[in-house]
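The following blocks contain the structures, represented as structure tokens.
Two complexes are shown next, each including chain A; its partner changes from chain B in the first to chain C in the second.
Take a look at the complex of A and B:
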């Protein structure tokens, strides 16, 4: 109970400021309160049952599904459709997203410009640059690539479809492990191409999640080609391949932002460790890891690869209890329960900051649909 | 040494929670200083660049932005654009007919005529480096054109 009470208060603190400003209507307050209850109930279950992934996953999927439930009606109400026209982009109306971060770094450092048609400071639109930047820096310092399983508001789509089948149709042995380098290649390509073209190449050409947020209006043949690519990537990487492999293919084998976060794992204090004394070499963790971050060498070294998203699927799945969260610098025999608690606090807070409002607002749109017949 | 490393490890781990806790007030108090200290701006490709001249008419204003050739990492592009906005949108006349000095030398470089109802636009270049109309747009609260230009500094070289 002592562990739960502070987090309940702290997660309320992530959405209370919005309510205290008096912007919320009763239905919205109800939806946010319900979201808060769900979040904290699942956190209580996480703490009391010891199953991290099981309950994290529910929240993670909820956030991803809730985002378009709120975002698309907001786009339609504000701009008339979910399509970005030149008029909207020249008004700075595109919503900034953390996936843009790798592309803006070089132009921001060298020319102090942000190559994105959004706004720098929040003025009412979704996702201003400054807001996303602060959240990203904090989350990267606190959790490294933990962002990808605790903070990303898109990854839940991948996770949803990867969890639907009981068994994978494409078995682990049929997947060439060299694909894990593809996200790093995509990262390098988009960073360089964006710096050369001075525009966010990934957003314009490769982001599968444009389909569940906003995309450029099909006013030209080029824009139609871009939309076709978004649809193909979403269906292929986020729906079909996760259904066939039971893996988060977009997150593990494509996402350049995830690749960038992998490097931040190196400076992050938390890690996942495998106790060689307890490990029975059953290799279940290798088969279960959704982002291909476990391999034979992981079992030898006692660590997953740098691409680990700290989702805890391997921790939950290990029949010997050999895998646990660990704090770098502490003894390998140190209490895993303490390391887990110290990890879960910031991880859950990130989830609250990113997702509590998102789930609450998504729920509010559903309530609106039921009570008024419109989500707008 | 191992004990010190262990204590430091736990301290940094606990600090992670404090970092996430500081994020919410950080959003409120750090956003503006972050932008002002770093001097970041939105790329002129999207913002149109800074307004360099404002012409006051009775009911509305003409805002002439700087010529943009620097939306590139190193150096300047051979071709760029200039953006002109008329604002506020609801007080514009039925027809705008205006000569614009793009490079600030006191000479008009092109003439633009816009039917504000249907955004039909006619551009008459005076200077050889004015290439043509890129488009007429209606961003929030204004009417706007972008005119394609050849970089004058690269012509004289």
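Take a look at the complex of A and C:
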């Protein structure tokens, strides 16, 4: 109860002030309150049942699906379309996306310029650099790559499609494990190339999620090619391959932001550990891990690979209860329940900050559609 | 001295322009610091060749060449395409065996040693990429008016920019991390594809 209350109170900021002051659209307040209720109910279930992944996954998918439901109508209302024109970009109207973070580092160091056509301080667009940067730093310090399963507002898409089939059509043994290094290569390439081109190369050419948010207007052949690449990558990496493999292929085998977060796994206090005394070597965790972060060597070392997103799928799946969240520097036998609660708190807080408003606003757009016939 | 200072002042930009080809290549090779230093010297040697060619052109044409319509696009585009091709060859070729245990393997190793020239070629083409500091150097070198002056200017410019490449061979300290070779290979292919696309686009812009 002590753990639930602060989260419930903190997350009520989305709708409670509107209700108390009487300002704001009633339908919007209702949608936000409903989202708050769902979030907190699932947090209660997470704490009381001991299942983490089951409830996290529901929220994670909800956030990803809700984002375009709110964002695209907002784009259409604000700019007339979900396509960004040169004018919008030159005026800094693009919403800042955390995936840009690794690409802005070198140009920012060399020229003190943020190579993204967004705004620095929040003035009305969906994401301002300063806000996203603070959230990203705090989340990375607290959770490392936990961002990818608790804070990313895109990852729910491939989680959704990876959960749909009962069994994978492409078996684990058929996947060459060398592909797990591809995100690091993409990261290296885009960081180096963005410094030359002075533009975020990944956003310009390789981001599949442009399709569910915003993209450059197809005014030139170049822009048409870019859109074709976005569509192909979304269908391939986010829909088809997750359906075939039951894995989060975009997150595990392509996303450069995830690769960068993997390094940050080293600098925070939480980790996932395997108790060798309890482990029966059934290898279910290897088969279940959606991001290829468990392998034979993980079982030997008692740790997943550095790419672990702390999604807890392996923790929930382990029949022996041998896998648990753990605080670095403490004994493996020290209360896993305490470590889990200490991890869940910041993780859920991040999920709430990133997703609660998104889900509420997405719900509000649906309510608007039902009541007025328009989502705008 | 002016060329050296110009190179020193703008060397980070030159490093940024060369790093996408050089770093993935060195990572893929997985060599020691000493071997990396050798590769870097070859790369820089090639780059110096590119710069001296510019010095020659600066003397021969003055600033007129820079004003030629499509010149920059064509040169950079061709350099990009060439660099992409070399990078692909460099990382997709079969590596030579480390030691030739028998006569046959020794011959095979000698045969496959020709890629030792790859870093030279890559350096040369990287040197031809007309980056902003190079344009500055071109204008300054053209103003010297003599062949020797122009070449010396570019040589000094090259030395000034090369200072920033010194830390790169230390990548060899991580050569035991075998994953880095795979990452380097994948990254080189991505960079090569980007160069290929950018090169074709620039050439088309220069011709049309």
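Following the convention adopted for this analysis, the second predicted complex is superposed on the first by the 365 of 376 C-alpha atoms of A that agree within 3 Å, B and C clash if a C-alpha of one lies under 4 Å from a C-alpha of the other, contacts with A are read in each partner's own complex, and residues count from 1 in each chain.
Basically, a contact is a pair of C-beta atoms (placed from the backbone, for glycine too) under 8 Å apart; a residue touches a chain by one contact, two chains touch by 3 or more.
Here the structure is a predicted model, which is why all the values come from computation and not from measurement.
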item: Which of chain B and chain C A:130 touches, first, second, both or neither; value: first
item: Residue contacts with chain A in the superposition, chain B compared against chain C; value: B
item: Chain B versus chain C as contact partner of A:196, first or second or both or neither; value: both
item: Which of chain B and chain C A:171 touches, first, second, both or neither; value: neither
item: Touching partner for A:77 - first (chain B), second (chain C), both, neither; value: neither
item: Chain B versus chain C as contact partner of A:184, first or second or both or neither; value: second
item: Touching partner for A:106 - first (chain B), second (chain C), both, neither; value: both
item: Which of chain B and chain C A:266 touches, first, second, both or neither; value: neither
item: Contacts of A:328 with chain B and chain C, given as first, second, both or neither; value: first
item: Shared contact residues on chain A - chain B and chain C; value: 106, 110, 195-196
item: Residues of chain A defined as touching chain B within the complex; value: 10, 13-14, 17, 86-93, 106-108, 110-122, 128-131, 133-135, 138-139, 141-143, 195-196, 198-199, 269-270, 327-331, 334, 338-339, 342-343, 345-346, 349-350, 353
item: In the complex, chain C residues that touch chain A; value: 12-13, 16-17, 19-20, 23-24, 27, 179, 182-187, 189-191, 194, 201
item: Interface residues, chain B side, partner chain A - complex; value: 2, 5-6, 8-10, 12-14, 16-17, 19-24, 26-28, 30-32, 34-35, 38-48, 70-73, 135, 137-140, 144
item: Chain C-touching residues of chain A, taken from the complex the two chains share; value: 106, 110, 178, 181-182, 184-186, 188-190, 192-193, 195-196, 201, 205, 222
